[in-house]
Each structure stands twice: as structure tokens, then as C-alpha cells.
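Just below sit the structures, each encoded as C-alpha cells.
In the two complexes below, chain A is the common chain; its partner is chain B in one and chain C in the other.
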Partner chain A sequence: MIWRYILKRILWMVPFLFGVSIVAFLLIQAPPGDYLTTYIAKLGESNEVLDQASIENLRARFGLDQPLYVQYFKWVSRLLVGDFGMSFEWRQPVSDLVWGRMGLTLCLSMATLLFTWAVAFPIGVYSAVRKYSFGDYLATTLGFIGLATPNFLLALILMYIGVVHFGADVGGLFSNEYKNAPWSMAKVWDLAKHLWLPVVVLGTSATASLIRIMRANLLDELNKPYVDTARAKGLSEFWLIMKYPVRVALNPFVSTIGWVLPNLVSGAVVTAIVLSLPTAGPLMLQALLAQDMYLAGAFVLMLSSLTVIGMLLSDILLVLLDPRVKYD
Partner chain B sequence: MPQTHMATEASSRPILSVENLNVGFNTRKGMFDVLHGVSFELHRGKTTAIVGESGSGKSVTARAILNMVPRPGQINGGRVLFRPSKGSETDTTALDPRGKAIREIRGGKIGMIFQEPMSSLSPVHTIGNQIIEAIRLHRDCTKAEAREIARGMLAQVEIPKPEKALDQYAFEFSGGMRQRAMIAMALSCRPDVLIADEPTTALDVTTQAEILDLMRKLQVELDMAIMFITHDMGVVAEIADEVVVMEKGHVVETGETGPLFAHQQHPYTKRLLGAVKRLEEPATAKVRPAADAPEILRVEDLKLKFEKREGFLQRVTDVTRAVDGVSFSLREGEALGIVGESGSGKTTVGRCIARVYDPEGVVDYRGSDLVKAGRAEMQSYRQQIRMIFQDPFASLNPRMTVKQLIAEPLVVNGVASGQELEDRVAKLLTDVGLAPEMMERYPHAFSGGQRQRIVVARAIALEPKLVIADEPTSALDVSIRTQVLDLLLRLQAEMGLSFIFISHDMAVIRYFCDRVAVMYQGRIVEIGETEQIITDPQHPYTKALLSSVPIADPALRGTRQRHRYMGEA
Partner chain C sequence: MTETPSKALPDQPDEPLAVAEAHTPDEVAIASQWQLTWWAFKKHRLAMIGLWVIGFMYLVSLFAGFVAPNDPTDSNRRAVYHPPQMIHFIDSSEDGWSFRPYVWEMDRERDPDTLAVTYVPSGEKIYLRLFGRGQEYKFWGLWETDIHLLATVKPRDNFFLFGADRLGRDMFSRVVYGTRISMSIGLVGVAIALVLGITLGGISGYYGGRTDTVIQRLIEFVLSLPTIPIWLALAAALPPSWPIYQQYFVITLIVSLVGWTELGRVVRGRFLAMKNDDFVIAARLDGASEKRIIFRHMLPSLTSHIIASLTLAIPLMILAETGLSFLGLGLQPPAISWGVLLKEAQNIRSISQAPWLFIPGGFVVVAVLAFNFLGDGMRDAADPYGH
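Moving on to the complex of A and B:
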């Protein structure tokens, strides 16, 4: 049953992604001009002028002189064999550029997700069970501050504190000596030392909102008759809350996976720039600004695929977690 | 012999005595008590019914016995002495509410079942998981042994295929089956006392009869004391050995069931029983429709099916025939009752007539077919055909004042405005027995009965000809039930209203309706004069339904043979 459901969902993704690729391509083409226009303008800034012939020459080389649908089908047919094309700006295959950054982005996002859960779960449960206690008010206040503070501002504040008071090396994910070094235990340790700051910065607002969601959901569940039933069974207060209402209130936690994956790419671009993190966000921004067609297209497409995959994952988990959710 | 002597002494002592129990709720305005010195006893092998209307403190008493009064409530006086068969006498109210001692009693020695079988079981754990947990909390056994015990319990409460049921979820069960599973869970540790908090209130009469039989049988097998909380005097007469009557947190009367039903001392008990007795015959104030009254509504071959669509092409995979060829007619000033179990399609019929759904067939209202009526046409008929719903708490918008609520249909249909509107609302409130000064208040300031009066006022605001009342009294206490019914009777006489009165409660139908239609699985199996159907039912389903209705007379207990209608194969 469940396998059929998963298979069906995956099959549905095919036409969906096809549609997304069209929209992505059109979106990238939407601004006036193309990569060459940007390129010529850039050259113009340094007083270099290209003559018409070489422009035409370049245009033909990049395939930009062909009609839109030809360009699109060329792009898509190469995508099918895993070739994302060349980045105009970097003069490198897009896949090299993207995958190099995705690994670190994945690592950072997972760490952020775990941080979010680890902090939000106990605080959310505590806040609901001890409603209107001092701890609840404290968590609520901090939660709202966390929600209201822009990430990049938090990043600046934490960087300031880190540098001035602790003399820490902030910014980036690696110290200089490891930046281009091959992977080793020391490099992993270095990464861990740098990771905490972006994790806290990126995780704060998600944590705050998850605390609120957990609290509200659990409050709804705490007064349900089945909790009374469990209590009348003689279960201890801690276990009965963990086993019954918390279990039911857990659904939003699972749903968060759905939006963590697309965040891998597009999330926190400003924060990533402020912290100079070598993640996917800043690269995507740059690609879009430069109208670097294939690179930007790869990012938009990846963003959509990850959204779809994330939703699929959270839906599957939801089905496994809650027997009431139907999947046929 | 000294041993026998001791045994008789032990069995004559109550297994649980509640002594001067006081429970208060701590609010911002200070402590106010909801239980005022409640005392009664439970005896081994006996059923004690705790009777009272909503707000009388029955459920709080039950929770106080297990020392699990919900916050902000707290026990602030008296004690509950529990004398288990094994172990020493304990005052449960003196124990730490989160401590080990009280947790051993909860579920282990005193089991409890609740009113709502729909929500009293966890939606995300299997039935087996929950029963096995209860067993392993109190008995020293392995998971496999516990599973075996749980299977045995499910078999004992007569759940078919218990092995399979262990791995099913609560939502896969019907209400009656869920309540059986609850009972199995509460009894899995062989408790000395079972507290049942309105265990059959949410169930159909036929299912209720089965659950009552089951509880009686298990009580004999396990020799336990049952504390049965209910508001239904019929159920009390069926099952109780002793009765404790509660009103507003006081015990007003205690006694054995037979004598108490024969001679009540306290006026409240008298009123409670009187309200039940009155419902056992047609209302005296009822105005019968004139013999030559013209027909107001004729329903012919009404059909409605719900289709379940699945898959990519949305093919119809399953069809539920909610209403399957219903025909009847209604005369002016007549009240037709539609009775049946949940799922029989009675509510759907009402909604088809009001065109909430789009049925097939003919609904002839004074010569025009409502099924074919367009939107604009329906608009005018909706002024003449009004509905009253079951839950007076849910059918009034809490953010509107009573004036806004009652005025709404008048304003929407552009009937009145300004001072005239205010006067109409005031008159309507007087008509339903409420004071016009109340019109600026919000619904939460009213009791259930008063809210239902507001609902009635809103329904009659447009001076309709036909009122479809869907279980209008089911959510109300008995004494209030008759008041609302009397109000409807008076309005019927004054305004010449016709009623379609949908209910599962035979007594209410008998009190209110001229004729009754009995529905089963989307069809009318029997229709006729109310008295005739009740005294001389023809169809086997009607007989089964009537045999399940509890009668508020303990002398008749056990004289009737109950049976369940299995339907055509």
C-alpha cells in the first residue's frame, strides 16, 4: 500500500517537474536582454568595446541566436542526461559549481534542522504543559524576539560579540588554512567550530516559530479525553504526555522537513552573504544578476525539485506517523 | 467459624466510601466550590447510579475519587476511603496526585470509562497497544502474555475477531465497538471498582442496550462495584441497585432504586422523574391538526447518494445510498417525527427538503417542486421553511449578540430595519419565553435551554410555515427538554406551524409528534400514527428499536426481551 503510494507520488513528480522546467526557463528569459547584454555592459565599464561581428559570433557560440523553444529543448534534453550546461560567467560546467556548494549547504541545513528540533521540542512541550508559568512567559518572550529579529542583524550582532569578546574567527565555514585543503579530521573539526554561528543565526526564527506551533498544538491536545483515559490507567504524568498528546502534536515537526530542503538553496541569502558562507544562496543570486542562464536555471530547477522531494518526504513521514492520514 | 464471619463483615463494608467530599475551583475571583460535602458508598457487586443534570458535579466526583481533578480544581475537604480486596484501606484524596501510590490504584484497582468513545481512545495508537499498556502497568507480565490477556478481554466484551482488533485503530471502529474496547481496557486489570462516566450517552439506543447488558454480565463475572454516572432515568431504572441524586454539587437524595422510583423525597428528584414520566405519553397541550387540513408537503421517492471517487480519473468506486426512495406527506399544522439510528439517513432527509443537498425525486411544497427550484426561487421558500439544529452551543455565532442573531434572517431578507427590527426581536424573545432585555447579551451568557430558545426565535423570525427540527432537544437535560418541547407545541398551535421532527429519542417523538416515520438504512420501514406505532409496531426493526428504549421503571426490569434487528441479508 505505502509503496504504491510512494511510487504514485514519484510518478506525479515527472509532469510536474516538466512544467516547472518550462516556467523556470521562461522566468530566466523574462528580463530584457541576455547574458551577452550584461557581459557587454560589464566590458563597457572597463572601456572595452566589442564590435558587432564578434558579438554575433559570441551569440552564435553560446546558442543565444536561436529561437526560445530551441534553446529550451536543447537545455532540457541535456538535463535528462544529467548535463546542466556550462556557466557563461564561470566558464565551468554548472554541475561542478553547484555540487561543490551543495554538500556544505546540506551539512549546514541539516545541522540547523537538528538544532531547531532539539531546542524547540523540549521548550514547546514545557511551555504547553506549564502554561502561564514563569518559564512559559520566558520562552514566549524569547520566542517572539527570535521571530522578530532579522537573521542578518542577529548574524552581525553575534559576529561582533564573537570577535570582540571571544576573539573567535567568524565568517565562512573554514579557517583560511583549511579553505582549500583536502578533507581531514582537522578540517572537520574546523568546520564544527565555524558551524555553530550560522546554525544559531539560521535556526533562531525557525526555532521560535516551531516553539509556538508546538505549544499551540499541544495545548489543543492536552485537554482531549484520551489524555484523561491514559491518566486513569495509572500512567505517570511524564510518559502519558509524551506518549499521547505529544505524539499527536508532532505532525508540524514532520512538516518542517518539507520546507527545510528548498531552504538549502534559496534560504538566508542575505545571511550567507553577511557571514560569507560558501553555500548555494549567494552563488544563485550572482547567477541571476548576471543572467547566467544555465547556472540560474539549474538553481531554480533544483529549488523546485527539492521542494517537491521535501514535501514527498514529509508526506510519507506523516503517513507513517499518523494512521488517520489516508494515502490512496 | 471466624473466617466466614470475617468474610461477611468484609463484604458488608462498602468498598469505597466518599465522605463529605468538597471540591473547589480556584479562580481569579477566589475559590468557589463545585462539590459541597458529597457522601455516598459503593458496594461490591452492586451498581450505584449517580444521577443529575449537567453541572451537578457528577464527573468531578468521579475524577476526585481517582484524585485527578483537572486544574484549577482542587479537593479541599472530605475524603475518599477505598478498601481494596487486597491491601489496606487508603484515602485516595490524601495521596500525591502524581505519586506512585495513586497510580497503582488508577487503572489497577479502580477502572474508569468515559462518555465519548470517539475521543477517549488515542487516535494514533492501536487498540492493542493501549490495552497492553494498561495491563503491563499493573501486572507483572511480558508483552506476549499481556497481548494474550488483551485478546481475551476483547473476546470477553464480545468484539468479533479480537486478534485482528488488537492491531486496529480506534477510528476503524464504530462508536459501540470503541466503547467495548474502552470497557475491555478498564477491566483488563480486574479492578474492584469501575467508574463509568455516561458510558452510553453518545450511543444509539440499540447499542446502549447491548453495552448495558455487557456491563451487567461483566459485573457478575468480576464481582465489582460499578459507579454509573448518567442523566438518563431510563438507564438508571435498567441497571442501578442504588441511586445517588445530585444537584448543583450536593447529594439531595440517596436510596435503593425501587423505593426511590416509587416514593421520591426531594423535590429535585421528583422534578427529574416527572420530566421523564411526562415524556412517556403524548403532550396534553398538543393541538392535533384539523382532519381536513390541506397538504403542505409531499415527498415522493426522494433519493440521495454520496459517491466516493478515487484515482486519476475520479471513477466512482463506492456509492452510499443515504436516502433511498423515501416518500411521505405532511399536512398543515401536523408534526411528523422521523426516528432512526445514526446512519439511518434521517438527518439527510431533512437537509434534502431544505435543499442543503440536491436530491432526486419530488419535494412538493404547496404545489411547487423544490427539487427543481432555482436559486432565486429557493430563496423565497427558505423564508417559509426553516431549520433548527441539534447543538445550541455550536449553532449560535459566539461573536454576535442575541439581537444580531435573531435579527439576521430579518435583515438578510430585508423584512425589517431600525426600530421596527428591534420591536420584532423583542416580541420574538417574549414569544419564546425570554426577556427582551437580554437582546444585547452574547450567547455564552445563556444556558443550553435558553440558547435553544434563541435558536427557535431565530427560526420563527420569518414566520415560516414549515420547521425542520433536527434533534432539537438531544443536547439538553431532561427537564429542559420538556420545556423546549412545550414551547414548540405552543408556537405550533399559535402559528399553525408544520414540523418535521428528526430524533433518535422515541420518548420525545411520542410527546411531540402526530405521526412518525421509522427509518432504517435510508428507507422508511414503517410510517403511521405515533401512538399506534409505539403500542403496536409491525416492522421487526421498529420492534427491535422499541425494545431497546430504557423504561424509567425499575419494576419492569428484565421483563422485556431485547433483540437486535439484523436487516435483510
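Moving on to the complex of A and C:
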């Protein structure tokens, strides 16, 4: 049964991604002009001027002289065989560029997800069990402030504190000497030293909302008769809470995978620019601004697929975890 | 046509309403739904604080020209990165004290070794006057006036409550004017989201069946599009040469794309649940037209829920505009919004030199918090018959 459900959901992704590809293509083409306009403007800054013939020549080479729908079908038909095309701006295959950035992005997202869970779970449980205690009020207040603070503002403030009070350079994911070095143990350690700041910045708002959800769900559960029954039977308070109500209240944690994955990747754009992280966000923004069609399109498609896969993953996990959730 | 208070009240006379403690049962029995909602809302202390804060912010943005002592676009080379000055209200000298607001004057000095500019107190006081005369501005675009809430007694003096930025512009005046745009973007965006959400959600829930499926798929599609890249792409499509009001309108449209799906879902769920309620069936049997059933019978009992989810959508839009403008994709200077102001704080050099550039960020946080509290309170109060 579950296999049929998964299969059906995967089949649903096909028309969805098709729709996304159209939206992405139209969006990227929406601004007036095309990549060549940007390119010519850039050349103009260094006082180089292209004559009309070579402009036409370039336009034909990039395939920008054809009508929109021809460009779209060319792009999609090559996508189907796994060819993402070449980036205009970088003169490199898009897949190389994207995968180079995606690795670090995924690494950052996973670290943030773990951080979010590790922090939100105990605090959420504590807040619910010790309702209206000092700790609960503290967690609630911090949670609300965490939700209301834009990520980039938090990043700026932490950077400010780092520079002014600790004299440390906190931007980026690597120190200078490791930036272009091949992977080694030392480089991984360097990454770990830099990772905490973006993880904290990116994880704050998700943590705050998870704490709220966990607290509310657990509070609902704690009032139910089965908790009283277990208590009457003499189960220790810790096991009683951990074993039954917490398990039920855990569902929202699983659901987070669905929105946390794409949110982290795309929501991190602003933060990544502030902290100058070598993740997907800044590259995507650059590609969008330069109308680097194939690169930007690949990113938008990739993020949408991540969203859909994340939702599917969390739905499957929900079904496995909670027998009450029905699938059809 | 008086909404539906009769639905819950006579059914359970023993069970006290959430608001019953403060009011006598007689009062509760005859109170209208709005009165019950208001009573329930008033008990939510944080929501009341949120209401006051938001009311204050909108008041400030209505009278921005009057509250701001300076023209927000006036640059001043003599005041680059001028630090904030505390305002003192009680002036004490040898012969007693009096109510006379003043700030300490700061002198601009250059460090002989590093050539860095520093400001040191000169020991002189700059006196301020309530409702004093300052720069001319147009009050609501109607008439010229030069009366400000606070102005220096000597017209040549200047004061900077929130400091000055890299061009010596008064941050306080800029924040005040920024409040106007940032706070109103949420309102306009919500209005657009409201129309979309109610129309599509209502149709979806009322008619059900195939229409419902199509609209639900559309909402799911919009929800699973990655928002940020879409915003970025849309905002990047904005030609920077457009006039401010045109940019403003398009940015609002982009930002409102977030809000309407959530509202559409709420409205749909309610319509589905209500469709077969007794009072709707009664209206239908009475021969009321569909338009009348929807607008006169069903929508009024939803109003409080709709207002609550609208209030919760506004902070999302404020955050969205701030993020976009911060990236340089939203409003462009000379337009002033909190996001545009925060753009000045983008690099570590300027903020370590002038940490007061963070002040607009504080306003963003406060506004978003206030809206969240207000929305939470409204959501709880929206159903005064529940517990």
C-alpha cells in the first residue's frame, strides 16, 4: 500500500516540475533584455564596445535570437537527458557549478537541521512540562524574538559582536589558506570552526517556531486521560512523558523536513550574502540578476524539486511513525 | 441577520463563556458577537500591548513630516556618522531647574595621528522646543508648514537622536519616514491578499468538487514554489529607473503573493465546514440567492478569523520587503523603508564605526513582534464561544 502511495506521489512530481520549469523560464526571461544586454553593459564599464555584427554573432551562438518557445523547448528537451546547458557568464557547464555549490549547501542545511532539533526538542518539552515556569517564559520570549528577527539582521549583529569584541573574522566557511585547498582533515576542521555561526543564524527562526509547536502539541497531549492512567500505574514521570505524549507530539518535527530543506537552501540567500558563504544562494542571485538563463533555471528547478522531495519524505515518515495518519 | 450568537448560547447554559467572569450573565446574553470578541481580546495582555505599539507606529507614520525634525534626504557633510544624542528634559542650573529639553552639543574633531573623525562633547547645550519651527514640509501634501514636534531653538543648530549615517543624514527622521513605507506595505499587501484569498478560497470551499480540486492544486503549486528565488527573480525584473510609487506598488504585489494562500486555505476550510450548517440551509430554503448566502450569511461569521489571519500575514510581508530592499532588489533609494536603511548597515566596516545603523532593525523586530502578539490575541478572541 505504502509503495503505491509513494509511486503516486512521485508521478505527481512530473506535471509539477513541468509547471515549475515554465514558471522559472518565464520569470527569468521577464526582465527587459537578455544576458547579452548585461554582458554589453559590463564590457561598456571597461570601455570596450562591441560592434553590431559581433553582438548578432554572440546572440546566435547563445541561441538568444530564437523565439521564446523555441528556447524553452530546447532547454527542456536537453534537461530531459540530464544536460543543464552552459552558463553564459561562467562559460562552464551548469551542472559543475551547481553541484560544486550544492554540496556545501546540503552540508550546511543538515547541520542546521540537527541544530534545530537538538535545541528545540528539549526546550519544547521543558516548556510544556513546566508550563508558566520561569524557564517557560524565558523560552517563549526568546522564541518570539527569534521569530521576529530577520536572519540577516541576526547575522549582522553576530558579525558585529565577533569583530568588535573578539576581533575575529567570522564571515565565510573557510579560512583563507583553506579556501582553494583540496579536502583534508585540517580543512574539515576549519569548516567545522566556521560552521557554527551560519548554523545558529539560519536555525534560530526554525528553532523558535518548533519550540512553539512542540509546546502547544505536548500541552494538548498532557491533559489526556491516558497520561493520568500511566501516572496512576506508577510509571516514573520522565518515562511517562518521553514514552507516550512526546511521541505523539513529535509529528511536527518530522513535518519540518518538508519545509526546512528548501527553506534553508533558498531562505539562506540573504544570510549567505551577508556572511559571504560559498553556498548556492549568492550564485543563484547573481545568475538571476545577470539573466544567466540556464544557471538560474537550474537553481530554481533544483530548489523546487527539493521542496517536493522534502514534502514527500516527511509525509512518508509521518505515515511510518504515526499509524493514525492515513494515506490515500 | 444578527450573525449567529444564538448558536452556542442557549445550547450550553451551564458552561461559562471565556469572557463571562468579568461580566454579568445578563450582559453576556445580550452582547453582540463583536462585543464578546472585544471582551475576550481585552484579556490578552500581550495583544493589547501589540495593539498600542502598532497604533503608535501608524500614528507616527501618518504625521511623519511633523514628527521628523529634519528632511530625511538632507545630507550634511559636517555630521558624517554623528553619534546619537540623548535627549534631556529637565534643565538644571544654579538657579533651580526648569522643563527645557536639550541635548549636549558634539564637536567634530580629527585625531592628529590616525586622522579619524571623532565627536567629543563640547559642553554646550542645544536647546529644543516642542512645536518649534524648523524646515518646511508639506503636511499630508496639502499645505506648507514648518512646525515640528521637536525643533532646535536656534535654527542653525542640529540634533541627531539616532545619530547620522554615512552622508550625515538624520537617522531619526529617516526611521520615521521609513516607518511610513514599511508599515503601509504590509497593509496594502494584505488588502491584495485578502481579495485573492477570499475569492479563491470561498469559491473553492463553497462549490467543492472539481473547482475545489483545481484551486487546491493551484494553492499547493504556489506553496511549493521556492518563495525566495521567485521574489528575487520578480524583483530583479523591476527596472530601477521606475518612479518610486510604481516600484512600491509592484513590490507590494510581489510580497502579497506570500499571504493569500494561507488565507485561501482558512476561508476554504471554514466554508466547507459551514456549508451544511443549519443557518445556511435555512437561508437556502428561504430562497436566498447564492450571493446573499455567501456575503450576508457566511462571510460575516468568518470576519474575525479573516482579520486574525490578515494580522498574522502583515509581519511576513514586512519581513519580505525588508529582506528584498536589504539585498537592493526592493525599493531603491531615494525611497526610504526600514530595509533600505538597513542596507547601509551591510558591511562590517560601517557598522563597527556606527552601530546605530542597526536602529531600523530594532523597529522591524518590534513591529513584527507587535503584529504577532496582536494576531495571536485576535485568533484566540475570534471565537468567543470556544474556550
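Brief remarks follow.
We take it that the second predicted complex is superposed on the first by the 320 of 328 C-alpha atoms of A that agree within 3 Å, B and C clash if a C-alpha of one lies under 4 Å from a C-alpha of the other, contacts with A are read in each partner's own complex, and residues count from 1 in each chain.
Just so we're on the same page, a residue touches a chain if its C-beta (ideal position, glycine included) is under 8 Å from a C-beta of that chain, and two chains touch if they have at least 3 such contacts.
In this text, all values refer to a predicted model and were calculated from it rather than measured experimentally.
Because the two structures share chain A, they can be overlaid on it, and in that overlay chain B clashes with chain C.
Set against each other, chain B and chain C touch different numbers of residues in chain A, with C touching more. By the touch criterion defined above, A:P67 reaches neither chain B nor chain C. Of the two partner chains, chain B is the only one that A:K224 touches; chain C does not reach it. By the touch criterion stated above, A:P182 is placed in contact with neither chain B nor chain C.
Within the superposed three-chain model, A:S236 lies in touch with chain B and out of touch with chain C [touch as defined at top]. In the superposed model, A:A296 lies in contact with chain C only, and not with chain B. Once the complexes are superposed on chain A, the part of chain B occupying the same space as chain C corresponds, among 258-266, 438-446, 492-500 or 528-536, to 438-446. According to the touch criterion, chain A has no shared surface contacted by chain B in one complex and chain C in the other.
Listed in rising order, the residues of chain C touching chain A in the complex are 221, 224-230, 232-234, 236-237, 239, 315, 319, 322-323, 326-327, 342, 345-346, 348, 351-352, 355, 358, 361, 364-366, 368-369, 372-373.
Within the complex, the chain A residues that touch chain C are 16, 19-20, 23-24, 27-28, 30-32, 144-145, 147-150, 152-153, 156-157, 159-160, 163-164, 171, 262, 265-267, 269-270, 273-274, 284-285, 288-289, 296, 299-300, 303-304, 306-308, 311.
Residue ranges on chain B touching chain A, taken from their complex, read 66, 68, 70, 98, 103-108, 111-112, 114-116, 119-125, 130, 133-134, 137-138, 169, 171, 182, 185-186, 310. By the touch criterion given at the top, residues 223-226, 228-237, 243-244, 247-248, 321-324, 328 of chain A touch chain B in their complex.
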